[in-house]
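What follows are several structures.
Here chain A shows up in two complexes: once beside chain B, once beside chain C.
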Partner chain A sequence: MNGATRRARRERWLEGSLLLAALASACAVLLILAFLVYFSLPLFRPGAIAGILSGRWQPVGGEFGILPMLAGSLLIASLALAIAFPLALGVCAFVQGLGPPALARPVLAAVHFMTSIPTIVYSFVSVILLVPALRSAFAGRGGFSILTASLVLSVLILPTIVLLVHASWSGLGPSVRMTCAALGLSRTQEIFRVLVPVSSRSLVVAAILALGRALGDTMVSLLLAGNSPQWPSSILDSARTLTAHIAMVLAVDSQSPAYLSIFSSGLILLLVTASLTLAVRWIQSAAGRRRR
Partner chain B sequence: MMRTSAIAVALLSALALPGCTSKVETLGIAGGTAHIPVMEKAAAKLMAADPGIRITVEGGGSGVGVQKVGEGLVQIGNTGRPLSDQEVDKYGLKSFAFAIDGVAVAVHPDNAVSELTSDQCREIFAGRISSWKVIGGPDGPISLYGRDEASGTREVFWTTALAKGEVAASTKVVPSNGAMKTAIAGDPLAIGYLGIGHVDESVKAIVLDGVEPTQENATSGVYKVNRQLFMNTKGEPAGLAKKFIDYILSPEGAKIIEECGYIPVSR
Partner chain C sequence: MRRRLADRALLAGSWVSTGIILAAVLVLVGYLASRGGGALGLRLLFGDADPLAAITGRQPVFGGIWPALAGTCALVLVASCLAIPVGVASGVYLSEYASHRLQIILGFGVDLLASIPSIVMGLFGFTLIIFLRRTILPGANTSLILAAGCLAVLVLPGISRATYNSLAGLPDSLRLTGAGIGLTRWQSVTRVLIPAGSRGILSGCILGIGRAAEDTAVILLTGVVATSGLPRGLTEKFEALPFRIYVLASEHRDRAELDEGFGCALVLLLLTAALFACAFWLQRSFERKWSR
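So, the complex of A and B:
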């Protein structure tokens, strides 16, 4: 056997195994979706769907509405994004030249390090430090609350936004910088009048991905949001997210409607995060088309 | 010749190794969180006496205990409540009661309230009494804590102390007896409930209808909010599971149960 055929054969083998790996992961996602739909089926009988998509979770009274949890998830995640996004832009502006250049690298390194801290560590430290602090700040309310969970989640998703926005700004870097310097713009003007508008799509993509990360997190809200299955009426109220709901109910008898409700929770969660991902793809491909 | 014998030795030892590992007997225990201290102490004693066994103890709540033992994932599934007929039918489980545990209402140690009637208790957990001031406590809203649906502690508290009454949706839900204790100890406006075995100086147990929540009162039945702790096996226990259950039910096991703050059930 000569070298050429051997190489060709090895290449074919490699291609085959890569294809197999790609197919396997694609199949896994599809199977998860199919599995969730299958297990949620009993709930999509007439009558049952109204029961699940109702506003009251009172299993002892036979009410299994998961809308309060959906509201809790969306509220906690968007509040976290609202806190983290301006902070992240600030960090990016600092690194991009508003702060002393000597500090830029250490700050970025710290942000990189933040990505490696497990969520359970954030949550556990917050139970001990942040919960009592907020409780005394709000006269007994706000301990295990939406606000607490959102604050910690904002720290969790901050690196996602910083790294994405920083990458986008660095890509624009030299050309924009030269032009701005030639026009006599200050660094502040350069960042907020030129970089931000030019990179608006990347900003939206970063925000969507961060929102997805916040929606999908379980540990932070499970340990900090208080898990009350109620409609949140204030950010000092406690709330339960869909993810925490799944974690809590997973433990009950597998025959009960409560158990079935976690499959529809999972389905809703998957649909929400999938549509966020699709939104990102759509924005990116739209940007690609425009550039061409 | 040297080489072949070396290979032979290698082969033999490779064959022998799995034989060695299979000699280690393993036992998985999961379920009720009130059980954990007893299970862990007993497991530690048994493992110290015989290095050939390995026992793992996990929590999860009574619901998890039933499910895991039923599906064969563990050999002993603990529950803090009797099994339902459905559960027994579905999995063919066998129950062994080994201890009595009362469920106490508890508040923060700084709270001036130390006695409640069961009526007050019901009103509080239903959210109809929402301020501590009304019942002589500190100035502030009552912060309710409860347990998840899988909890045996919740089951007992809800059926006996709350007479299956309404539970406010604003109740914060924690996943174990230990988490309940931590939550109450950290929140000056808290009220919740936990197994008497878990009560220590970090929380204050409430005198309910004039009866102090002690294990003695729970055993005699004067204190109404109590339950038995069960170990459950799928069919008759065998091997290490049987050994473990026999040990828990032995006088030595009874001593461990008492050390952990529970009252042993006489066989």
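So, the complex of A and C:
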């Protein structure tokens, strides 16, 4: 009896510490949010928020608007997604049977390997190889530019899309294949007229997750996009992302108004990536409900 | 006829996109290997210093990457000690203890944490230091322990997810067996389920280690410096491989420094690729074992 109660108490105690670990992992995001909000608080004085959200960054003139950086982030990330998504679908189709079956495994292995290549290694090699190549291709422009950063980011996010879409298509499995074969569809028709529409939700989820990765990346845009804090007018222009902005302002250690802008940049990044996660959750739960 | 043409175009597109991606990876790895391969050697690690004296820290290293390599190892070690226990415990709770409702809520918190960009994690560490300075620890400064802590939070959700997935993927018969032979829940978790899922859990931990080793944005804001020598303590500044590559990419002065950059990038790639290969192999053998 005594042993049994002691054992029960021990079980409860162990369960409690596991719960604590789970709570810590789940609530860490709230702590981070609280810190960023706390440090952005001076923003909620009259005048300050308009200053941050103005469209100009000219520290000398006392203007600390971060909207150009938000535009830079969105532009670079969406261009990267626009390049990576069709390529990723092509690779998935290749693996699913448009290419020779013997090559499917090596190609998938290569894509898996790509996930292990550090971002900084991609950026380093691109500084040496891609920047001079693009500069000579566009007659001196476009070296450190939106285009360069987007090209490298597209390679970075491609594995995310390929692996998610491939998993979704493989999950649809032999039943779809049999049906399509029975209907006399070619492999191309099966993939692009059946698999793509049927798995549209997974495609959207893969695109959202890849976009989040591209928005959150720092090193590629810091090293390759040129970092000039201006409104981009062409993809051959230099631009600064929110992530690179945080790194740059902290590197030069400037004073309070510039500091303020990095906390709001961090807050914006956090809110954007969190809403992307929320969107993924929503899509997946809607899919779950429909299946039931 | 028109349909036939569309089929052809899609087929060609699939081959071309696979070709582009494979070519990009081959160029990256090939160029890195050819330029960095020549630089590999004792000179890359220790510069002009005597290797034995450098390893033990009796002689400072100039122009070698040994301090950066040691710094990265120290970072990864401390970060794993912090992240792995909490991550595994939280995954175990979510999979084996939590009610369905709690699973959804806490799981969403973990997903949110996973979506946070690494620069925001670095910014969090930075604000934490400002906060500590203003309140209880006036002497606090960015340091190895801060960087490792932030890296730990960065990789925590991945480890938690991997643990959850490994345990949730185990057959229910294992849980019934545990209960059937009179094990308590804790005994069943530690003696049956965790051993059965160990390869999957380990794979997730190794991926987390790789992520901590390659991340640059977090340490950029939390205490990495270009020259500090070997890491001397938890509250000291430190060097790290990814940061070394970043510095060399943005401001290499001559050919020798560029070669050092290539050597450094190759070393980091070999490190993350080796970790990734281990994780991949473990995950495969885990899935094969429990796929029936």
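Just so it is clear, the second predicted complex is superposed on the first by the 274 of 292 C-alpha atoms of A that agree within 3 Å, B and C clash if a C-alpha of one lies under 4 Å from a C-alpha of the other, contacts with A are read in each partner's own complex, and residues count from 1 in each chain.
FYI, a residue touches a chain if its C-beta (ideal position, glycine included) is under 8 Å from a C-beta of that chain, and two chains touch if they have at least 3 such contacts.
Just so it is clear, the structure is predicted and the values come from calculations on it, not from any experiment.
Undergrad: Contact-wise, after the overlay, does A:115 reach chain B, chain C, both or neither (first, second, both, neither)?
TA: Touch partner of A:115: chain C, not chain B.
Undergrad: So, does A:167 touch the first partner chain B, the second partner chain C, both, or neither?
TA: Neither chain B nor chain C is touched by A:167.
Undergrad: Have a look at where A:28 lands relative to chain B and chain C in the superposition and call it first, second, both or neither.
TA: second
Undergrad: Taking the superposition on A as described, I'd like to know which of chain B and chain C A:139 touches: first, second, both or neither.
TA: first
Undergrad: For A:181 in the superposed arrangement: first (chain B), second (chain C), both or neither?
TA: The answer is neither, since A:181 touches no partner chain.
Undergrad: Given the superposition on chain A, which partner contacts more residues in chain A: chain B or chain C?
TA: The partner making contact with more of chain A's residues is C.
Undergrad: Once chain A of both complexes is superposed, is A:215 in touch with chain B (first), chain C (second), both, or neither?
TA: second
Undergrad: Would you sort A:198 into first (chain B), second (chain C), both or neither based on which partner it touches?
TA: So A:198 meets neither chain B nor chain C here.
Undergrad: Shared contact residues on chain A for chain B and chain C?
TA: 127, 251
Undergrad: Given the complex with chain C, which residues does chain A contribute to the contact?
TA: These residues of chain A touch chain C: 7, 10-11, 14-15, 17-19, 21-30, 32, 35-36, 38-39, 86-91, 93-94, 98-99, 107, 110-125, 127-129, 155, 158, 186, 188-189, 191-192, 212, 215-219, 223, 243, 246-247, 250-251, 262-263, 266, 269-270, 273-274, 276-277, 280-281.
Undergrad: Once bound in the complex, which stretches of chain B touch chain A?
TA: 60-61, 63-64, 66-67, 84, 86-87, 90, 140-141, 143, 148-150, 158, 164, 167, 169-175, 182-183, 186-189
Undergrad: Okay, in this complex, where on chain C does chain A touch?
TA: 7, 10-11, 13-18, 20-22, 24-25, 27-28, 31-32, 85-87, 89-90, 92-94, 97-98, 105-124, 126-128, 130-131, 153, 156-157, 160, 184-186, 210, 213-214, 216-217, 220-221, 242, 245-246, 248-250, 258, 261-262, 265, 268-269, 272-273, 275-277, 280
Undergrad: With touch defined as at the start, can you tell me which chain A residues reach chain B in the complex?
TA: Per the touch definition, chain A meets chain B at residues 56-60, 68, 127, 131-132, 135, 139-141, 143-144, 222, 226-231, 237-238, 240, 248-249, 251-255, 258.
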